[in-house]
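First subunit A sits with subunit B, and in the next complex the same chain sits with subunit C.
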Partner chain A sequence: MRIVFKTDYMQDIRPWKDTYQLMLYMILLAVVIAAPMLIDDFYLGELTNVLIWALAGMGLMVLTGHTGQASLGHAAFLAFGCYANIIMMEQGVPFMVAFPLAGLLTGLVGVIIAIPALRLHGIYLAIATLAMSILTDDIIVLTETWTGGVSGKYAPPVNVFGFDIDRWGTPKEFYYLVLGVVVIVTLGYINLMRAPLGRSFIAVRDSEVSAQAMGVDIARTKAMSFGLSCAVTGLAGALMGLFAGAFNNETFSVIISIELLMMIVIGGLGSIHGAFLGAIVIGFLPQFLSISKEWVGALFGGSSVAIPGLEFGVFGFILILFILFEPMGIYGRWLKIRTFIELFPFYRKDMFKRQKSYLKTERLR
Partner chain B sequence: MDILQLLISGLANGCVYGLIALGFVLIYKATEAVNFAQGDFMMLGAFVTIGLTNAGYMGIPFWLAVPISISIMALMGYLLDRFVIRLMFGQSQTAVVILTIALGFVIRFVAGMIWGHEPQSLENPLAGKELRLGELVLGMEDVAVIVVTILLTWGLYEFFNRTKMGLAMQGASQNQLAAYYMGVPVKRVQGFIWALAGAVACIAGILFAAKGAVDPSTGLMGIKAFAAAVIGGFGSLPGALAGGLIVGVIEPFASRYIAAGYSQVAPYALLLAVLIFRPHGLFSQVRVKKV
Partner chain C sequence: MSFLEVKDTTLKFGGVTAVDNLSFSVEEGEVFAIVGPNGAGKSTVFNLISRFYDPIAGSIVFDGHDLLKSKASEVATFGVARTFQNIELFDQATVLENLLVGRHRHRGTNFVSELFFTPSVKKQELQSRHFVEEIIDFLDLQAYREKRIAGLPYGVRKVVEVARALATDPKLLLLDEPASGLSVEETTDMRWWIDDIRRQMGITVLMVEHDMGLVSGVSDRVLAMADGAKLALGTPQEVQSDPAVIEAYLGHVA
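Up next, the complex of A and B:
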């Protein structure tokens, strides 16, 4: 195990542990920047999709992973960000202004929704957000004059620093646009987590009572978390709209909300890595399934058949296995493997044992 | 007369919502977890009965098939608790929520694989019969749904308040550690309640499939039952039924008197309104939490 001997305060608060860790992330950054040169346009599109999902995952991770408020309604904010961005662009606002503004507006909506939601705990919050996600579909249809309702809208090409960027025409440029947004948001997220606000998120997640005793304003913290989470999700939604090219009321269905939550659970709740790892799983699972279906079909001599709902069935099954056997997700498993290697042969089975608690309710009858 | 007719059909629909909500409440009352797959359980129960009794499948007589499928679903519920939920013992509610959502996906997929994605309806002895009261014409299925639901709710209510097992369940949910001290076999109690929830889901499924048609995505109707359970308050059995009836009655009236497009919003809007103004339901049982 690398033990870093800290000699001054700046070293203690900087985002990376030591030069070795910084190097690793620099290499990763170099690889993703070089990616368009290494892979063809189809896989570049898939990679862009993964990055957009990771961005949305980071949005939900702030709220669910770090503040402990489970939301089953984040597709609503994806939709809001997407529609806000496109509608502003149609009104003649340049993309460079409309895009951050869409994120900001979504964040504001999030704060407004957070005010009543603050009174709800656990499952009640999950159900309220679920209902909100279902309502989004109907609201988009009802506000047809702005949103185009069932017939939907098409995303125009966007202009960034004088470059015309279009998902199909210039996939490389679109990839760099998404990558730039993801890198900026990730750096912001890392910094948030070492700032007082980020620390208070974690305090609220672990124990509201203790957080309050330590002087954390719970209502304000939760509202901030909601706002930041929705803002990032809104940005992801705007990119998702551009990526899809065309979208309508059914694009951001309640299934997307649930998928998003499942994604960060598989990746690992409470870690930024988790959002990316979960996005990789969700982005490449359909590819993997179609390839393996062809493989199985070739093996048994039959043609590959379409199995409706297979993707969700497999996805649900993977999720059940993760929750039962690795509640910390892929990132948690990686931490265990890393610790095992670093400490070899002194790793012990219960080093990551989670504390279990007996249940007590608030109900009197 | 028209309004009365709407009311009755709304009540019959509401009873099905109420029965699903009853499943939520049963599990919530005894384990403090929420089974998001309850709607999919209902769908599975309906398909199991269809598989047993419909002429196209096994063709067992209806009255024989019903107890068999109820016991199959009860067994499913028990096994689910024994081999999946029990591993989660001592973890947070949110983890159970996510687990049951994933379970719903898997159940929907499996049901689609076995019975296909076409809507199917249950062949039953009451189909097509009518009950005439003056000018009022009631489908026998609707009447059966209402009667069965009321009897079941009353039975479960008495069970929870009168029997030793019912009280043990409430104790096990209010404070697990204290329940252990008092000699309540908490894990066995939880297995029993999941079996009971499976049986209730199966009854709901049978009633639903007798009235209309089911397909694998019917389980998503569970979301409307959430509205029922929330309106009634998650800890109250009569509340769940009342909530189900409210949602069921609102739907036909909303689609009749409110412009199309706004009407299907009604149950969810009501759900959100209740959550905002009475976060613990109309039949609230929560007082201030003490540290």
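Up next, the complex of A and C:
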């Protein structure tokens, strides 16, 4: 049983609870920095992929996990970030400028879309954003002169502080580029969530009426959240484009949107950890499946067999299991285990049980 | 000019007149209670002041601000805080986080400074925390500080809601049935707290309440409503002995 004895308000304001926790995160950081020395280029590529997905996951987490607005359209913003970055680079804008600008532009587009879209609630918002995701494919084909349409585009190598980085030639450097972006975004995210704006996101998620009664401007807060979410997603999209090397109208399909949403649900809605845990599941699942397919194939003396749709099938199955048995996701499960250990032997079975309240003040809509 | 002035206000939902040409005013520093049978329009009056509904006629002026010209979120920034009849807390957040949301109207930092958590943000956080701790002390919530709302008993949630409203540092506090569902002891606690809120903190209180013991114990003036209209207005004793009020509650004398 570990008890944190608090003597100072700063202990609640700083991002870590105590030195022990800080140490754990420092070790994690050291491990990911040392990763290129520890694993070969193939697995480093997979790790890079996980980090990019985690970045996109954080983008959606702000909106869905913390502000409570479901979006099935985030592949559209991945695409926008990706194309914006590459098109600017082709026009001669250096990567160091084009990359943040791509994020900023995606954020602006997000705010513009948010103003009408966020008048919708729940399932209606999900449908509207889903439509946006489907439209993206056609828009990319229609604007062929800029986007290359069906034949797509190739990502050029990028230059960061004088180093030429490209995903295949210099995977280690590309990994550090992605890691740097992820660390910076994560720190910003943590800062926001311990400041008034982050709390107003949570307020809007849990009760719009009382958020309003506390002086939170609902429309502005939602638009802010949507914009931030899209900006981070745009950055992830730009990195995704560079990682894929080549992309066209079908790269950022509606499937990606759904995968992204499933990822944060599996990881655990409403926590930054959830975005990373979900990304690990999404990122390593295909590898895990192909390895286990070979293993099963070898067991029966044959070569590995191709089962169409296996990946999505397994993925959907995992999602159903999570929604049935652990709606709080992997991170929620971890919190329960941790509480169990910390409080041992005083953990109660219903400690995390959600209370249903049927009486809510009229929702005014 | 009164502190809060509701004048000739009418609100209709389709054919139902929820608030019917209602006028009353609340003076600074008093505890003003609204009583009436279910469906009399008491909570609707609160929702009108909070700007959740638009009246079809009338005016509502608070401390020189025309509330009908303001957005719902601006009402709080003028210094009006409220609680809800059926508890509207942020369920997945801790008590402390709930109270800190109450400090939102004093936010002096912007998105960029919060993103980098500049020293000014840190200073503001410390100040907010200090203010919130005083409220926690005042309402005896120390034991629940880190607990999530979703696991708290009803009586505590009721107090947390009052605490969150007080955390906004309001001039006018709207309490929507502060004692509903509370035990006798909890109601007594609530009575002393309301008294202290008025006397120590100097906050004007406007409340809707069914518990006549609580109402006559703390309020200076009482407004009785039925079917959206004013029945009687005066001291608790005057209103309780008013024939129209007795009729609304008990029906005609045969």
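To be clear about the criterion, the second predicted complex is superposed on the first by the 355 of 365 C-alpha atoms of A that agree within 3 Å, B and C clash if a C-alpha of one lies under 4 Å from a C-alpha of the other, contacts with A are read in each partner's own complex, and residues count from 1 in each chain.
Here, a residue touches a chain if its C-beta (ideal position, glycine included) is under 8 Å from a C-beta of that chain, and two chains touch if they have at least 3 such contacts.
Quick caveat: nothing in here was measured; it's all calculated off a predicted structure.
J.: Quick check on the superposition: with subunit A as the shared anchor, is it clash or fit for subunit B versus subunit C?
T.: Here subunit B and subunit C can both sit on subunit A without a clash.
J.: For A:209, is the partner it touches subunit B (first), subunit C (second), both, or none of the two (neither)?
T.: Both partners, subunit B and subunit C.
J.: After the superposition on chain A, what angle is formed at the C-alpha centre of subunit A by the C-alpha centres of subunit B and subunit C, rounded to the nearest 10 degrees?
T.: 80
J.: With the two structures laid over each other on chain A, which partner does A:224 touch: subunit B (first), subunit C (second), both, or neither?
T.: second
J.: What is the contact status of A:270 with respect to subunit B (first) and subunit C (second): first, second, both, or neither?
T.: second
J.: If you count the residues of subunit A that each partner touches, which comes out higher, subunit B or subunit C?
T.: It is B that touches the greater number of subunit A residues.
J.: Kindly classify A:134 by the partners it touches after superposition: subunit B alone (first), subunit C alone (second), both, or neither?
T.: In the superposed model, A:134 contacts subunit B only, not subunit C.
J.: Should A:145 be classified as contacting the first partner (subunit B), the second (subunit C), both, or neither?
T.: It touches nothing on subunit B or subunit C.
J.: May I ask you to decide whether A:7 touches subunit B, subunit C, both, or neither, giving the answer as first, second, both or neither?
T.: neither
J.: Examine A:196 and indicate which partner it touches, taking first as subunit B and second as subunit C; both and neither are also allowed.
T.: Second partner only, subunit C.
J.: Should A:313 be classified as contacting the first partner (subunit B), the second (subunit C), both, or neither?
T.: Only subunit B; A:313 stays clear of subunit C.
J.: In the superposed model, how near does subunit B get to subunit C, counting Cα atoms only, in Å?
T.: Result, nearest C-alpha distance in the overlay: 8 Å.
J.: Would you tell me the residues on subunit A in contact with subunit B in one complex that are also in contact with subunit C in the other?
T.: 209, 354, 357, 359-361, 364
J.: What residues on subunit A touch subunit B, complex-wise?
T.: Going through subunit A, the ones touching subunit B are 68, 70, 116, 119-120, 122-124, 126-128, 130-132, 134-135, 138-139, 141-142, 209, 254, 258, 261-262, 265, 307-310, 312-313, 315-317, 319-320, 323-324, 327, 354, 356-365.
J.: What residues of subunit A sit close enough to touch subunit C in their complex?
T.: Of all residues in subunit A, those touching subunit C are 9-10, 12-13, 188, 191-192, 194-200, 202-203, 205-207, 209-218, 224, 270, 351, 353-355, 357, 359-361, 364.
J.: Which positions of subunit C touch subunit A when the two form their complex?
T.: Going by the criterion above, the answer is residues 47, 50, 52-53, 71-77, 81-82, 84-93, 96-97, 100-105, 107, 109, 111, 114-117, 121-122, 124-126, 129-130, 150-151, 164, 168.
J.: Of all residues in subunit B, which touch subunit A in the complex?
T.: 31-32, 34, 84, 87-91, 93-95, 97-99, 101-106, 108-110, 112-113, 117, 170, 173-177, 216, 223, 226-227, 230, 234-235, 261-262, 264-265, 268-269, 271-272, 275-276, 279-280, 285-287, 289, 291
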